[in-house]
């Protein structure tokens, strides 16, 4: 399966790039743009960019094992230090891919390789195609 | 204090509007734009938009009690159902504003008033001005 | 359905009592015992007692709508202030009971009525009877 | 510092044993007892036992770096599969020990070495000795 990130308008708005996604392991890349800043003339990313990146990376980690898009059930993000301007890298791995729930762990690093945030998400794997179950999906799919 | 949301480039990128923020209670408004969609030709918001909105609203709820910006320590978001195109409203209230930690609860509703996501965040209130502590801040401040 | 809390040895070890459980709303009661303390000669509950109480109350809130036991998928607990010796009351309500996931909110108050902790849990509602899905269950059922 | 786990009545009620705690890395051990079961005649641990174990291990990981007890700010637990009777091992490591907040990651494995639950906690490191800040502490200290 070739997961695509450029089919989502929001992914394009962020400028997200998929580095790799295979068998539960995902890497995403985000170049800095001034529009992603916390405040005018700030060198720091807005936290909302970090949480979005973490959710998307975790989602793709589970999706890459199933070969189809999955909805996010819930998301947890811990911000460890500010993320300075420069490229961000999110690496995610699926911890569990069960029949109804998948869990993924995500690490987010800045251009110097410092860990700026960590996250964990639960994703729905039942795949019933029910919009009611499609709570917070990300991945527009393969 | 008059909290401002338009000093953040990322807030402007989203198109976020502050309806009110006083004494621990905050309401934010987000009009739909195609760039916030999950996929091309989709009527649904991308989940990353929802989590950003929740984080920002919770942050402002604590900040509105302190009169200054606060960093996000950590965040949890539960996606209850898909958020269809139309205006989103986030309402947040500070549950606790302690000397080192504040906690806020957030509800996110779509244009029909349906609850689409709920969130809870912990925010740093020590205000030591240490960039190392400024983990995931949002609010560019008063 | 009459949910029972006394069929669980761990519930009996804690001394947990069910006050009511109907249609998504649950109240649990826990009397103080010295064995539940944080430290010898301490007047404070151990935090592990609070998180267990919150998980169980949220679980029963979802279970009371389904009429059967549900496994916990994940749990978040925010500790707001120390819980002093005396009776604890946990009140929970189901925020969502979907086809695969239920979400419950819980408040925990001390004998003076002060809010000491809040929590939110996601519970599996698919009910496939698969032990693999029975991740962190509590409720021994009706 | 020699962290002690046996000074807490609740730790003794569970039967918790400290294997090691040094420089941010902690291992705890819990032997099975029937009182820790989910239901009568059940071979499975009650989830409340798992969340308590995770909280305590994460707390000690941060405490082992500071040489003093720390309060829990918030706790997140993901239940991956049921934990069958037998010895449980919790391993924790401090991900960050900042001036006001520490973060720890915890893995919980059953006697067969299977990962049964993972958790992450935020702990208060400011150490102001204010009982109001002593929200959900565990470690009765060195």
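Going in written order, the chains are labelled A, B, C and D, and every chain counts its residues from 1.
In the analysis below, a contact is a pair of C-beta atoms (placed from the backbone, for glycine too) under 8 Å apart; a residue touches a chain by one contact, two chains touch by 3 or more.
Predicted model, so just to flag it, every value in this text is computed and none were measured.
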item: Shared interface numbering between subunit C and subunit A [over half = same, under half = different]; value: same
item: Chain pair, C-D or B-D, that carries the greater number of C-beta contacts; value: C-D
item: Centre-of-Cα separation between subunit D and subunit A, whole angstrom; value: 28
item: Centroid distance [mean C-alpha coordinates] between subunit D and subunit B, Å; value: 31
item: For subunit C paired with subunit D, centre-to-centre distance based on mean C-alpha positions, whole Å; value: 19
item: Multi-partner residues of subunit A (each touching 2 or more other chains); value: 73-74, 76, 78, 80-81, 103, 122, 132
item: Residue ranges of subunit C in contact with subunit D within the complex; value: 7-14, 34-40, 42, 44, 46-53, 55-56, 71-82, 117, 131-132, 134-138, 140-141
item: Residue ranges of subunit A in contact with subunit C within the complex; value: 73-74, 76, 98-101, 103, 122, 124, 126, 128, 130, 132-133
item: Of all residues in subunit C, those that touch subunit B in their complex; value: 76, 78, 80-81, 95-96, 103, 105, 115, 118, 120, 122
